[in-house]
Amino acid sequence: MFKVAVAGASGYAGGELLRLLLGHPQVQIGALTAAGSAGDVLARHQPHLPALADVVIQPTNPDVLAGHDVVFLALPHGASAVLAEQLDARVVIDCGADFRLIDSVAWQQFYGTEHAGSWAYGLPELATAEGPQRDHLQGARRIAVPGCYPTACSLALAPAFAEQLVQTEQVVIVAASGTSGAGRSLKPHLLGSETMGSMSPYGVGGSHRHTPEIEQNLSAAAGRPVTVSFTPTLAPMSRGILATCTASIAPGVSVDDVRAAYENAYGTEAFVHLLPEGSWPTTGAVLGSNNAVLQVAVDERVGRVVIVCAIDNLTKGTAGGAVQNMNLALGLPETMGLPTTGVAP
Amino acid sequence: MFKVAVAGASGYAGGELLRLLLGHPQVQIGALTAAGSAGDVLARHQPHLPALADVVIQPTNPDVLAGHDVVFLALPHGASAVLAEQLDARVVIDCGADFRLIDSVAWQQFYGTEHAGSWAYGLPELATAEGPQRDHLQGARRIAVPGCYPTACSLALAPAFAEQLVQTEQVVIVAASGTSGAGRSLKPHLLGSETMGSMSPYGVGGSHRHTPEIEQNLSAAAGRPVTVSFTPTLAPMSRGILATCTASIAPGVSVDDVRAAYENAYGTEAFVHLLPEGSWPTTGAVLGSNNAVLQVAVDERVGRVVIVCAIDNLTKGTAGGAVQNMNLALGLPETMGLPTTGVAP
Amino acid sequence: MFKVAVAGASGYAGGELLRLLLGHPQVQIGALTAAGSAGDVLARHQPHLPALADVVIQPTNPDVLAGHDVVFLALPHGASAVLAEQLDARVVIDCGADFRLIDSVAWQQFYGTEHAGSWAYGLPELATAEGPQRDHLQGARRIAVPGCYPTACSLALAPAFAEQLVQTEQVVIVAASGTSGAGRSLKPHLLGSETMGSMSPYGVGGSHRHTPEIEQNLSAAAGRPVTVSFTPTLAPMSRGILATCTASIAPGVSVDDVRAAYENAYGTEAFVHLLPEGSWPTTGAVLGSNNAVLQVAVDERVGRVVIVCAIDNLTKGTAGGAVQNMNLALGLPETMGLPTTGVAP
Amino acid sequence: MFKVAVAGASGYAGGELLRLLLGHPQVQIGALTAAGSAGDVLARHQPHLPALADVVIQPTNPDVLAGHDVVFLALPHGASAVLAEQLDARVVIDCGADFRLIDSVAWQQFYGTEHAGSWAYGLPELATAEGPQRDHLQGARRIAVPGCYPTACSLALAPAFAEQLVQTEQVVIVAASGTSGAGRSLKPHLLGSETMGSMSPYGVGGSHRHTPEIEQNLSAAAGRPVTVSFTPTLAPMSRGILATCTASIAPGVSVDDVRAAYENAYGTEAFVHLLPEGSWPTTGAVLGSNNAVLQVAVDERVGRVVIVCAIDNLTKGTAGGAVQNMNLALGLPETMGLPTTGVAP
């Protein structure tokens, strides 16, 4: 059994981590910490976790987090970098952005602060010309969990880039996310009255912070720089990301070539599934699971590949990805404790 | 390992059964059957269950269902009664209504057909003066799973009746259900365009078929006849029941008496939880779990107890209750394979 | 043309008032005021009102509100009472609670502050033994708009009380409201992630402040004191109230008697409609309209009348009711400028 | 007063037409017709229209539709073409697709039937190098109302093409629509249980029938052929389209050039609004109105313009557009009877 702490236990990512960790056979849950809600019992913030209802949330600091085998950080941007240096845990897994980007210039451009550095990037299934990227996660001690959008978008497009089936420019992604992706922030546009029955875009024009992370992943897949037009939208649902990803097809590439690339990339993956022809992903079908489901199409009229990917932003997109990384880091079976069935309808 | 078949595998109850059975450590999934969708692969109807994606649905008949330790029936009203007689399984668990009612007159009044008889009624936590009703389920061979509304309403009110804290008349229940309670029926009022952003009542005036079942349970708890005014409503959500249950308080009963009765009834239950004072149930917090959460209040101005109960209609209200009953019938731990954490937010 | 000001123009009630006033042929919109958002253009808070996009919100004070024929107050509890004394407008219409209750004791019990007094109560269709209550609103100078729940619940039950068809005790109401009823408050439980897909109760046990207002109206209808068990619930939709209202039927009363009472009470009303037998109200069908739709049933098994009423909480339940009152106060046709078609689906 | 008939009065487009026509000061509503629901009262299908509750739906045929000044056709694909020839009305306005496409080859490719011809295309604000296209609609006798997606997408992109600011290839559009866009079809994937909480794509790879219509409009704007990658998605809401439209920017074009083009195109339009910088469209803000709201951004990193447009698919996207066309055809003020305020929140 590994003793695990969660920093940021009162937020949505923290709650999802705890939901999954409660079902993990090799985990003992230790300290739960937060900032503003320290001193509260967990039930006040996570009523869906009755097994932990009476646990008192402690303040987030190195002393409270000491003595654990694994510490998950589910904190606001910038908070992880400072804290991480002071942690003694064998494995630290950051669900935030602080250590995702390799490129300091991109970090400063999109985040506006000093770059804290980069950790092993935790997307095991990320396709490259050399195969998926899980090797560097096995036994890793510090792991940066991908952002929710980059998870969906990179899984959707990386195989096409890894096999040079598409061009590195004119990549366009439009993705819809449930509101939990914005966390439990008290902002007017996140109220139920505003979000129910309404869709809205944000970060339009390339300003969303997940843009350079998507480009980093696709460039790694392609072996050369890839640029992306990325537009996120907010959808009237709590959970889920549906990413519609399109790219200009390389000359002579057929739809069979494309399908073959995805079957090759994901045929043996436990969580990433190319659907049979004629079926299309829905976020409902992956709700609560660690699955990513994809379908590909080629629009020959306009010479474009369209790949649609659905994930649960809190599971595969955050906490499920984090637990998957923990399993790799600890030498456990990669799929241990992770649900592969969605909660539908 | 027990070999389990599901008849009605393409519906919502069938899908939820399979979600839970896939996570059950003592179950091997056998035949999946249905009527109209026989011949299809399961993925076409249950895309959230990738582990069973390629299983071909077989027709529902005794031959296909033969040779299993357990058969779950998730069929329309009336279909179970005919089929059940022909099944050789050690345990048959009916998620439909056919065998729930003891009273043939009530059956005919509300269902309009001949009464097929009654099986062991599968609500283990149902409070009576003699304690919860799980004994008769241990080792049972034929079990009728309660209706979704009766599960919520009976858990909400039975302890008060079992301890004679409320009066047997003037009981009023108004409950809201998600649309999955109506199954995958192609009816205009169940379209997303009609249900999103709208609430509506149905079965008003006591005509809903769950009314006599609720009365049967509360009468068992009280040890004398109880009548109920029950109004169900359709809420704009896929899953969940919120039942607001009120009864006239008996003379001299205090709020402490009421809380004590519920603590006494459910204090050791794994799935039924009286929330701490000041917390109120939400259906969101129990989504996907086998939990029922309750809170009680006494309105002294009008002399009424108000108990609110939230469940997931497909889990505790149908498939989770069914698996809990299977565990009891097979002598397995009652909680085996059943989620106690909700998928929230 | 009458010059009209709205205090509280950046909230949901204020926005709905402006939506309706923009369509009113005898109104010229004057000052728009608010507290925290003074100085902003209206578009920032009410993007659905392009005709007023560039209007700058002014601070709420008597000087800004001076010189108008009509002032609507859409302010938090307690704010209206202080301001109202200083207003010179011919007609002041308060959408808040400050002047709704006649009984100072009830006010202090439920609101905990000193009672500011009572204004003409603005529910023109409220049935009493002497007929509807609109006379005292014609030419009134100060009008208190009913709360949203009291509007639905009183329209649902008053005719039965006015004709002594039901008993004054054992009245039970459970109502579901969309989230806009809570205003634009930044509270965690009102976030989209919490409200979508979830129902929850609040104010259980008789503590909701609309309880004494409902009792005041029903007592006026009955001509003797009526007490009510009232439980509100929050539903996953932006707008709408569905009120399920039940009462114990008086001896010898038939369902025909009940229908006749409602046909008699509302047969000539423009906004309140008893549906044909077999049809039931949905909040979707009244969205955006000033309609209240009702249906009645008698549950003979338990001797109860069940009346269900659907309104749009922001229209008939707040701003539409307010404009209807303005029409009466100014001597305009009562229905002027008020939509009688819903926006569905 | 003009006498107006609606064929297809029991569907969603028909219901929305009637909602708008009831508020139109120059219209007298005549025959309401349908196929399967002929003989029913309208209330059974359109409960939001109490003013027409008792109108009996007649069968759709030329005799019933004879003698009207205007006939609106809100029928399934293919039904309009046959019927239209037999209508004697001065003005016939088809909300279906039959007469939208000029190109017979494109028609046959996407619809698979014989092309019925083309009528005046009813998007008055469609920008071209010669200005908006409303002239040919003034006094027109036969008008094809644009599809809902083409309305949003063409309004979003046409000004950029009309001023040659973007390139005619590599145009990518991803749009989200509410479920009412699919009509009242009884299909499993349109059930509330399936659509609530879930997003899904359809028609991926360029197969959606609105694709050639979008291309037709943008080609008209550009004065040369434009091709489009178009992916529609189904969002968990009843109404609304959010279209995210991107194109490769022409060399030397600045964001100021782009904004100027849109201000120029829509500055005097009543229904189409470029939002102020910093504001983004939401479908909630236009619900129930005839407005289209847009915002533009230039992503300089990747050389792309991103324009987002929100409309109500049933209002501006169907019935509101149809009434706007009727106004033009009859010589009435273009905006008569059309709401310009949304129903929000």
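What to note about this one:
A, B, C and D are the chain letters, set down in written order, and residue numbers restart from 1 in every chain.
What we mean here is this: contacts are C-beta pairs under 8 Å (C-beta built on N, C-alpha and C of every residue); 3 or more make two chains touch, one makes a residue touch a chain.
Note that the structure is predicted; figures quoted are calculated from it, not measured.
Under the contact definition, chain C and chain D share the contacting chains A, B.
Shared numbers divided by all numbers used gives the overlap of an interface; between chain A and chain B this overlap exceeds half, so the copies present the same residues. With centres defined by CA atoms alone, the chain at the far end from chain B is D.
Distance from the chain A centre to the chain C centre is 45 Å, each centre being the mean of its Cα atoms.
Taking each chain's centre as the average of its CA atoms, chain B and chain C sit 37 Å apart. Counting partner chains per residue, chain C shows two or more touched chains at residues 12, 178, 180, 191, 193-194, 196-197, 236-239, 282, 284-285, 287, 344-345. Residue ranges of chain D in contact with chain C, taken from their complex: 12, 15, 19, 22-23, 43-44, 46-51, 180, 196-197, 238-239, 273, 276, 279, 282, 284-289, 291, 293, 339-345. Only residues 12, 178-180, 182, 184, 186-188, 190-197, 236-238 of chain A touch chain C when the two sit together in their complex.
The residues of chain D lying in touch with chain A in their complex are 169-172, 174, 176, 178, 191, 193-194, 196-202, 204-206, 227-229, 231, 233, 235-240, 242, 244, 246, 248, 280-285, 287, 295, 297-302, 304, 306, 308, 310, 344-345.
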